[in-house]
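Structures incoming, each one as structure tokens.
Two complexes follow with chain A in common, the first pairing it with chain B and the second with chain C.
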Partner chain A sequence: MIDAKPDRKSRKFREIDQFDLSEKSQYYLLPFRFHRITDEKEIIVNEVGDYLLLSKGTFERIVRRQLDKEKDAELYGDLIANFFISEEVIPPLIDVLATRYRTKKLFLNYFTGLHIFVISLRCEHTCHYCQVSRVTQNKDLYDMSIANIDKGIEIMFKSPNPHVTMEFQGGEALLAFNNIKYAVEKAERIAKEVGKGLTKVICTNLALINEAILEYCKEHEILISTSLDGPKYVHDKNRHKPHASSYELAIKGIELSRQVLGHDRVSALMTTTKLSLDYPVEIVDEYFNLGFQGIFLRNISPYGFALRTDKSKYETEKFLTFYKKALDRILEYNFSGHYFTEDLAKIFLTKILTPFNVGFVDLQSPAGLINGVIVFNYDGGVYATDESRMLAEQNDYTFKLGTLDDSYNDLFFGKKAQEIAQLWANEGLTGCSECAFQQYCGADPVHNHATQGDMYGYRPSSDFCQKNMEIIRYLIELMESDERIKKIFESWAKTATH
Partner chain B sequence: MPFQNEIKDNEIIVFADTSLYSKDSVFKCLYWYGDNYHANVSFADSNTYRISVKPISTIQLSHQELENLLLKLERDLVDFNLRDIVAKETQNVRDLLIAKAFSNGEFDELPPGDVSDPVGFNVNQLTND
Partner chain C sequence: MLLRTKGKPINIEEHLVGKVTRNPDQLDENSFLLIDDSLSELPSKNFMGILSRQDEFEIKNGENVVFKIPTLDHLTDGDIVSVGSDGNINTLYRVNSLHNTLLATERCNSNCLMCSQPPRDKNDIPTYYKIHKKLIPLIPKDCFELGISGGEPTLMGDLFFDLLSQLKTELPETEIHVLTNGRSFAWNHMAERLAELDFKRLMLGIPVYADYYKVHDYIVQAENAFYQTILGLHNLARYNQRLEVRVVLHKQSIPRLTRLAKYIYKNLPFVEHVAFMGLEYVGYTPHNIQKLWIDPYDYQDDLGEAVEFLAGQGMHVSIYNTPLCVLPERLWKYARKSISDWKNDYLPECSSCSKLNDCGGFFRWNLKKPSEYIRAFSA
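Then we have the complex of A and B:
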């Protein structure tokens, strides 16, 4: 006779008597956070960003131990499987959860990757929202000196990151193209010597681009990042160029760059201005018609707007309306079979739907400043972010870490860096510490300082908080209400992790 | 006589039992009202918080809007109290989790249960190899 119960212990298949179905409320809570998504739905998010969407009142039932293991079997199973509750004080698979937490914070392993060289402050545009650039021929005063380029490169290669990115910004970077060539060639030599990866990017309005420059970029595998604010009537109003159409130069430059470098070597970024808010559909259409695979709907920079007033709140509300209309248009393209993404949503969705994080400076905790990015200004000043050097142009040196003459340790681990580090993790900030979207969001001390006057920030009136909370909430609402949208969003998130 | 939540002179007044609501949760809740309202907490008696919220002078609310605000405050107090329960109950596990996450495997333990060999591999031998 064959024994129906072989004497074999397996972690996979246990006998029925191993499972205790009699206890109704003997479970322990694990760390998670809660938010109301709509009047009828609420969300809980655990420490590694996994979420469960629940009907109203479920959160309270979970916390008050009112779940019935049998009647609520499906919910109970989901809560156990997704690390929201545990039947033991310490969940048996806590190491799995810890590994997942470590994966979410993987960006900390590498330290600073992006090194921005403000190669020249000179520019031939007079964009009304730019408070940085100078229309001048004075190279001595407004171009980065060779000595400072050398020091910047030396510091860049001290980063423990095995792959560094060197990004040339302006003003208009191409006005100092000879200096760019010098920097690229020197950095390439050193990268080869020390065995580090090196990505090179030139940020340009493309007005000065020509075949000779592009051939050089091709030879040295330099990426082009340009600005495109939308159709001609939006772009030219935002980006004023005396005696010429900035839009036409940008379009011509994009076409030429694609011809020489290849289609995917050229990217474009938009800045939303007050004028842009009236044209969400037209701006999306412009990017789609130009053959881009997506658009990054960047919100209005706080630097041109009044600080902590109802006005800035109003502007954020208007931006959110703009964002939602633009996202609708993007989804229409996806419904009709095109792959076309919105890149802010893509960042959030990667955090929401995958085990991974995205190294995006404004949406990290600890923040991306210093950890992910550093700025070497044209005059030798070293700043925590691009926005920090913009503040410096308004005589606010709060985020100046030092100069290129300082040591690596003094710049990256000095007093100023330590001061900022006190408030660069949203896990420890009032208002953020209990926020359900903490894992999807980040900390931005520079933005807090610029808009609210202190690095810590005040969440109830923060446009950063208002914007991110609503966009995350909206993305979840959209995908939970329409299976087609969920599939589209999943495809965006998948691409982002590749 | 028990205290009644009310709207009085353009002010919302809510009472909360100190044995049910933690001080932390009351303050964490009121934090979100600080932008548009004067918020205040005091004791109505030794067992009851008196929580008041009054719009700042630039904000005029109708009676209906004040009613909605009262509902919102009552609901938010419950939400923040529940959040506080989760945060406090799970603080140790959270600390352990983060310590383990950043310990580079130093404190990892073998998963519970016996390692089985249902398909015939000699697991111990494989490990030793």
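Then we have the complex of A and C:
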């Protein structure tokens, strides 16, 4: 039996001040970071992403130990309760903090999940922002060989992850549909044998989609992911297809795919170009009117074409203006009772508002390359990310981990992987290590290399940093100034985690 | 609802626990015969004893008897009672109720300002344990739910686990709901030991009253209670125990209520249920009413924000002990008729209310201290 005496001499009630565990206003700082959000407000964020919004100057008072337990009672309570300060050197709930930290890094638990198979580099589109694809009939040179498909599948099933995803990309993946069928059926057999979960995705512009292909997708539970850049006048200019309207084909394809597979088995991704920047509202409307639950406002990747031509080059500032206008439009839909999300915001909000996290390649730390995703190129090259293989098309093989003939260990734990691993955690990067938004952001060595010439990156002039910092700041400013927006954002964050 | 009565005992030496029946044919060695008026002839089989209203009773074969009991009307065939050597007859289990509870002990290591059943420091654990040991095998196997409360049940120590283990074996269909302050589970070995029982129908209801230790510790009048309870919840979650967080609403808990909701979501997202509970005007509460009273009407905004935040994040939330007329209509879907039947009552003005059937009403003792804003809804 537990000690039969209660831990008290009498049951006389005591006043609240008698329950202070530390009488003086003496406290220790736990790790946290700060940032100015607006002219009047600053934010502090702790190691597990919980934040407090404070009036200007409060951060300084906290770190200078100028808080008074009596006069600042409410703030003092907030800081203790939210793991910013502690009255003991080791906080009594440090184990809870540790569990919370583990939860935030849960995306690391299972190692590589997404396996991208560049099944063919051939394409029938000539999109101006794509530099990798080839308009050609030469299958021998530009399709992934059966031998390489076999090796890719073998490596995929060596992943310790209990659930792997096989994603077919191009070029236009459907040009090699027979090889996709071969790969799907082989992977399904092995998944069943070894007891792993298997998700299959085909990325396609839908120009070649037909009922026979879709029936096959239905039978094999394959998801469709397509590209849609906005209304016809944006989409067709971005995504050029000789002698046809890419937009018309995409719309027809989306409808047909939904009919056969079901509404939620088809997703679409947009890429922002210089042209798109003038149509934030129209692009959002297009997605809304087509019955999608949200849109992912992606800026154009700086790889290949974008670096080489003026056509897709634009400043981050312009993208941010575009982003905010589009987000405004999305919020209008939500104000009128619709559930419609912006998916970049949804990723950030999940990190800001929930105890959970989402794995997303360049918005996690350690980064998702190798840890979360690997790319098997059409020619047997193995790359750290989709962007890495695009660099390779410009003869930059920095992120080539090897080939499908190499061993699993050499690819995933070899020299190249080790080199990248030095720089894939933002906790250890100058300019990130002290950033208030570190927990909400991530590291992207590939982007740093492509835009700044080295994997480490230089934050003061990094467009990655400029974009993410401002979007995170803006999201916080929005929800802290409008209760309605906070409710909407909370509902977005929820669906990302449950 | 009457739960205890008393008569004159004959031959009763130790606590007897048995079912009651008015039908001599149903009698067995585990049951008492109830005699309201008279009985011509005693059944000849073996049975536990006789409980009678008769003013006089003539012993024939050394039977265990309590007579001159003022009333037996509150007892239904199948109810289980304990009968003491002093003639006290306590109802332990009511066959027609969904709200049966075993009182584990009246001892407690906290001393909450609003305790509805103030603790007593005498060691009653062995006595209650013996009674429960006899009671549990008699409980009908189709009993849907059984509560265990106190005091603080974990103060039973080893006997706490023995009790649960017996319940698991004897009542394989019954949901067991234990009310504990969770502080004992700050010792990981306690949580580990609970997990070893592998008791899937067990749920622990654990109170958290603030996100800031000082406020919680003040409310429960115990130093370090907050930290122990939160660590306890985490230890229990580590072993996948089913958990419920209970929050009592009063003047001390309301100011940080919305912060508490965020704290629960951030730090305790694994709990299966969060219950926000109106204050009971009984036990310590009348004594501390100056420190505790806030009209439910005046905290509905805070309550609404807390409830809707947690529900919005996908957590299962309920509001207990709060009449519908002091809740905004958008919160009605969270209001449960939570008050045990024998404690439940309504005000005179409720009789004309069109929502009466949907409303949980009041604790009987809260009729003395209702909200100022109670009103009947017209049809």
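Criterion: the second predicted complex is superposed on the first by the 465 of 498 C-alpha atoms of A that agree within 3 Å, B and C clash if a C-alpha of one lies under 4 Å from a C-alpha of the other, contacts with A are read in each partner's own complex, and residues count from 1 in each chain.
Please note the rule applied: contacts are C-beta pairs under 8 Å (C-beta built on N, C-alpha and C of every residue); 3 or more make two chains touch, one makes a residue touch a chain.
Computed from a predicted structure; not experimentally measured.
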item: Partner chain(s) touched by A:S491 [first = chain B, second = chain C, both, neither]; value: second
item: Chain B versus chain C as contact partner of A:P92, first or second or both or neither; value: both
item: Which of chain B and chain C A:D50 touches, first, second, both or neither; value: second
item: Which superposed partner A:F34 touches (first chain B, second chain C, both, neither); value: first
item: Partner chain in contact with A:Y408 - chain B first, chain C second, else both or neither; value: neither
item: First (chain B), second (chain C), both or neither touched by A:Y216; value: neither
item: Intersection of the chain A residues that touch chain B with those that touch chain C; value: 8, 11, 92-93, 95, 99
item: Complex contact set, residues of chain C against chain A; value: 107-109, 111, 113, 118-119, 121, 123, 125, 154-159, 184, 211-215, 217-218, 221-224, 227, 230-231, 234, 256, 259, 263, 265-267, 269, 288, 309, 312-314
item: Of chain A, residues touching chain C in the complex; value: 1-2, 4-8, 11, 13-16, 18-21, 50, 77-78, 80-82, 92-93, 95-96, 99-100, 354-356, 487, 490-491, 493-494, 497-498
item: Complex contacts: residues of chain B adjacent to chain A; value: 28, 31-36, 78-80, 82-83, 85-87, 89-91, 93-94, 96-98, 100-102, 108-109, 111-116, 118
item: In the complex, chain A residues that touch chain B; value: 8-12, 28-34, 36, 47, 59-60, 63, 89-95, 97-99, 101-102, 105, 430-431, 434, 458-461
